[in-house]
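Please find the structures below.
Heads up, the next two complexes both have chain A, just with different partners, chain B and then chain C.
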Partner chain A sequence: MVEIVSALEPVYRRGAHGNRDGGSAITLWETQPGSIVQVTSWPGKEGAALAAINAAASLDVTADAGAGVFSDTRSAFGFAPGRWLMVDQAEGMGDTLRDRIDTQTGTVTDLSHGRTAIAIEGERAEWVLSKLFALDFSLAAFPVSVGKSTAHHEFFTLIQRTATDRFDLYVYRSFARSFWQLLCTSAEEVGYTVD
Partner chain B sequence: MTAHRTQRGGRIDRSRIIRFTFDGTAMSGHSGDTLASALMANGISVVGRSFKYHRPRGIFAAGIDEPNALVTVIRGKLREPNVPATQIEIYDGLTVESQNRFPSLSFDVGAINGLAGNLFAAGFYYKTFMGPVVGPLKGTRFWMFCEQFIRRAAGLGRAGYEADTDRYEKMFAFCDVLVVGSGPAGLAAAQRAAAEGKRVILAEQDGTLGGALRWRSATIDGQPAAEWLDTTEAELRAAGNVTILPRTTVWGYYDDNQFAALERVTDHKSAPAIGEPRHRQWTIRAKDVVLATGAFERPIVFPGNDRPGILLAGAAARYAAQFGTLPGRRVAIFTNNDSAYEAAVALRDAGAEIAAIVDLRAGISPAARDLARQAGGELLLGHAVTNAGGTKRLREIDVQPFAGGTITDRGKRSIVVDCLAVSGGWSPAIHLASQAGAAPVWDEALQAFLPPAPSQRWTGAGAFAGKFSTADALGGEFEVDEAEIDYAPAPVFEIRPAKKSGKSFVDFQHDVTASDIRLANREGFQSVEHLKRYTTLGMATDQGKTSNVPGLAIMAAARGIPISQAGTTRFRPPFSAVSIGSLAADTHGHFKPERLTPMHDWHMQHGARMYSAGLWYRPMIYGAGGETIEQAYVREAAAVRESVGIVDVSTLGKIAVQGPDAGAFLDRVYTNMFSTLPVMKARYGLMLREEGIAFDDGTTWRLGEHEFLMTTTTANAGKVMQHLEYYLDCVWPDLRVHVTSVTDEWAGGAVAGPNARKVLEVCVDGTALDNDALPFMGIVRGEIAGAPVLICRLSFSGELAYEVYCGAGHGTHVWDALMAAGKPFAITPYGLEALGTLRIEKGHVTGAEIDGRTSPRDLYLDWMLSKKKPYIGSAMVDREGLVAEDRVRLVGIVSLDDRPLNGGAHIVERLEDEPRDSIGHITAVCYSPALGKYIGLALVKGGKTRHGQRAHISDPLRNRFGPVEIVSHHFFDPEGSRMHG
Partner chain C sequence: MLIPCPYCGPRDLSEFTYQGDATRVRPDPGSTDQAAWNAYVYDRVNTAGDHSEFWQHSGGCRAHLRIVRSTLTHEVKSVAYARDSIHERSRA
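Coming up: the complex of A and B.
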């Protein structure tokens, strides 16, 4: 397979950056999943779409708003009524879902090339993200596994919390470099490491 | 120790010496000092000059209400003017200048204005600068002539011209309870909310918590107030559910309990740490809010009340008790309430001599009498201060008997003092409650406006709610030992001796006097809003925190009505000054994110000169050494016509239109039919707005029975997406169609030119590319260098051309493969300039012609208007205005003087015509390598009917005039034989 070239390549500087007085408070890295797929159901067909997602990915996403799940290699979460994002470290999830979701249930849109996935982890992850997004990142309001859609300026972003101190962000590829630089700048204050 | 620094006491760290400069003079203070307290400790009595009369002014308050002591902070080349010295925490290297003085603070030539004080009364500008009705300076010109001198003579600080290089940030926060103010009321509220497990944000505008607990004497649960403060602060900091924000001013209260707050992160530091912003702008959303913003002490208005050395009594106590600094050695107190007696004791305890306590009231509470005994000095009940002497330092005060509002001369005497501490009562800081949306309520007993009934989810506490004692502020949950004084003042706001002896200032910052207010009344400017604008009372940086109520009271007295009838100004955000940098935050410098195509780095590495197209960056030309832009694009365009070129088209908007009703939906969106389009075929489509004006165009590819890939122009991708979503959500929710932006999913390159097919044949696997397999507007799937690709044969250049799409992450890989395959054919990458040239030669329209005013007929695209179906805009496209004969329509033009044309230039019929006689304008221009001429597209009245006619361009702005010929917009290969070949 041809390797997918990261949109961040020229600005992806591994190592420690920013304020090092207290050590790196966060770690940033690009997760580079093989599949990022959007599933959208027709009204009334949410259950069937979810069943297909869960069957395809061996996950157990529920119908609650923003509900999500994740494993070491896969994750899925709802980000709007009847819309879910399905992420797999392996390629090909788009085709798998297309086989399971017929046109009477909904649609499958492969976004594997179109989105850049960035993880932010660390004790100050909530603080750094709060500089950019008007979301309540506290654990009570944004529990682990839940997903949300939001925006900072033109950066439309989907976010899933994958640990108490970790969030996975999905941004449009064409904006990814600009967003990454802004994220790094925002993290300078607390110190960050690019993994 | 300095002359005004006390031997001991205060909450400063005397072991740490902080060095700073004021007007170039090196001074020192201690950690914990504000600039005001440090200047006071250094014996500085005059800190600034007044706005209008240039009177010497000293420190008047101790907090954000300071009207006088405004300074300019110098940071490198940056100047920040009008910062209250009371709000500046000193740090090593702090450099400040006084303001509004020339040549120096001690000798200011502007002080001559004081001699002509009567001239500069309220309404001076309005009356003086209406200007003569005739002559060169008539009307406002006279004002404009004088303005340059007045601006220099009056005003506050001078802003710098250097760009602000500091970092600013925004921050979003959510909480259950926002507590504004960390005095006893705020601390107790935060404690209570934290104990209930709520998420609490405690915002304090000062650098340290505690409010009045830092300087007032009381014991709480057996602890001195200051110790209780330390204990409570430690508990709050240890709690996991409390966020404490010092140096944070909550300045705006908006709907749904949304607050704006400014955190001054590094203003108190010599240098920020790496990544630290100077200011942080908080947007806080709170379920509930506790307003514990305290109260502002009011002055009493009397002649000479602005002398340096006269300050608010609470401020004097604070300087003594919190900062260990004495505002004077021999102090008099002038009050109409009990609270100043506590100040007298605090000053005495710090080492000052209390010369006298002058109280307007004939009788005082036992507690006040006891405090007076502790303070010492003469107790003058039923007396008023009627004048103050001294210029740069208070020298003496005149005291006269006062009873029933009348001053008697008998018994008048002078008292030598260097400080007068004044208290005219307290005004709760109700600004945020007012912003929340309700009118404050006048309290006759407290002679103050109290907060209104909440219109949003807030509660009030402490002095904000008119509960001034520490016990009341704490809410009755603590054992508090404090003097039981009476905060209700005598209803006296101004002292008017029979014999006028000087100006009585109400608004110190704007030099508004009591006489100005009475003048406004006489001239009919009686409403609060008129009073403010006519006199400037309550304007400028302090927004009248010390002057609003006295000013209102004087107006009420002048009108002979109660204060409650005179009304009050409703407060608007911001509560105090907010840096513009913090409002801009990361948009500083007109921030806009860069949107890059997958091949962006390739373009940069190959000499592309980029320019922005919206947020996108696209190659303009790939300049070879020494080429001009014109030479480069002509070379690139010629290469396409002669052999083959490649252009990055990844920026085209791409929208996945999916679902069983996708075809029917596109039939409604486009003017032409799409439901009949075969799978793996593309069609050019035109969209209209509802009123029949052309909206956008592009090709849409049918990739499956229920799946289309719509392309839009780069500029309109977002608008088209919104347009589609609107119709699906609001107009046709019954259609089973999903639209998703997939612009970023695909990298796209257009390979164009007579050798385009040959290039693809070299590198494409898995599909045939001949005319049968891939006819015009056909689509095939294949692979290039192992990467899956989607190829559509369509042409914007007029040549045999193919758009090759692949996954964005494979973009550079596929582009490299195409370049390698094209090498034998001298494949040439081309930019937007060449792309524009090729399309002008073909007469294809873009946003320059689909400009939001043109109809399909104007662009000769009426062949695309289906008669078989309705579509968005079909009801209006045939209306009278859109089929009128005199509409401008698309034509081509050729320069007849062999000189370049300019986009936007007018076209006129005769050379001597003015631009107002315009028959149209040029939309796009180029040098056509195919024709060897400068050509352009234009929108001209009559359109085709003018083909073959001569006209002229009229472009006075760029001084370009000359003859042109109007021709068909299809300059090159009008039959389309090349792209179909």
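Coming up: the complex of A and C.
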């Protein structure tokens, strides 16, 4: 497979940054999954598409709005009616799903080279993300495993909560470097570590 | 202003794009009735009160919505997927 080169490389500065009073309140890193795949079902075919995703990934995503699941290596969540994002640390999930979802059921779009995946974890993760997105990031409104689609100006972003203090973000690769710099600037106030 | 997207739940206005008056009915594409086309393209009622509108959740799930909004208070009275209302119209 073609090696995926990070879009963040020129601005990815490992180490501790920002306000050092009290150490780093959050940690940022690029997760670099091997597969990022979008599945879209035709109207009325949602159940078949979801069954294919669950069978291919050994997951158990339900049809509820924004419902998601995750494991150490895989995650999936709904982000729009009849649309799901499937993420795998291994390469090849696009081909696997394409084999299982025919054109009468829906479409499979391999976005592995088109999205950048960023994780933000720490006690102030909600605070920092609230600066960027008009979403309620509290645990009650945004439970663990749920996914949401949102935007900060031109940065269309898919977000999945993967722990009480961790969020995984998926942004367009072409905007990723700019978004990363914005995220780092937003985190300076609380202090952050790039892992 | 918050718009309660049927899929995403209540979201900020900044995530949405206004797509126009939902009360207009497009004339038959084969029609040469100049008055009907002129009315379709240019005539607007400018309602003071409940108004039916198309919006897109462009900064979210991308769904096209049909919303009834009070132009006086910005209260959103109802929200539905646009495709559902269009199907209802075509069935009627």
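Basically, the second predicted complex is superposed on the first by the 193 of 195 C-alpha atoms of A that agree within 3 Å, B and C clash if a C-alpha of one lies under 4 Å from a C-alpha of the other, contacts with A are read in each partner's own complex, and residues count from 1 in each chain.
The criterion applied here is as follows: a residue touches a chain if its C-beta (ideal position, glycine included) is under 8 Å from a C-beta of that chain, and two chains touch if they have at least 3 such contacts.
Given the structure is predicted, the values throughout are model-derived calculations rather than measurements.
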Larger contact residue set on chain A - chain B or chain C: B
Partner chain(s) touched by A:Phe79 [first = chain B, second = chain C, both, neither]: second
Which of chain B and chain C A:Thr103 touches, first, second, both or neither: first
Touched partner set for A:Gly23, first chain B, second chain C, both or neither: neither
Touching partner for A:Ser149 - first (chain B), second (chain C), both, neither: second
First, second, both or neither for A:Gly47, with chain B first and chain C second: neither
First (chain B), second (chain C), both or neither touched by A:Ser178: first
Which of chain B and chain C A:Ala134 touches, first, second, both or neither: both
Residues of chain A that lie at the interface with chain B and also at the interface with chain C: 134-135
Chain B-touching residues of chain A, taken from the complex the two chains share: 1-7, 9-10, 18-21, 38, 40, 42, 103-104, 106-107, 109-115, 130-131, 133-136, 138, 140-141, 153-155, 172-175, 177-179, 182, 185-191
Chain A-touching residues of chain B, taken from the complex the two chains share: 169-174, 199, 273-277, 283, 285, 586-587, 591-598, 601, 615-616, 650, 656, 658-660, 706, 736, 738, 740-747, 785-787, 807-813
Complex interface listing, chain C residues touching chain A: 7-9, 11-12, 14-15, 58-63, 81, 83
Chain C contact footprint on chain A (complex, rising order): 43, 65-66, 79-81, 83, 134-135, 148-151, 156
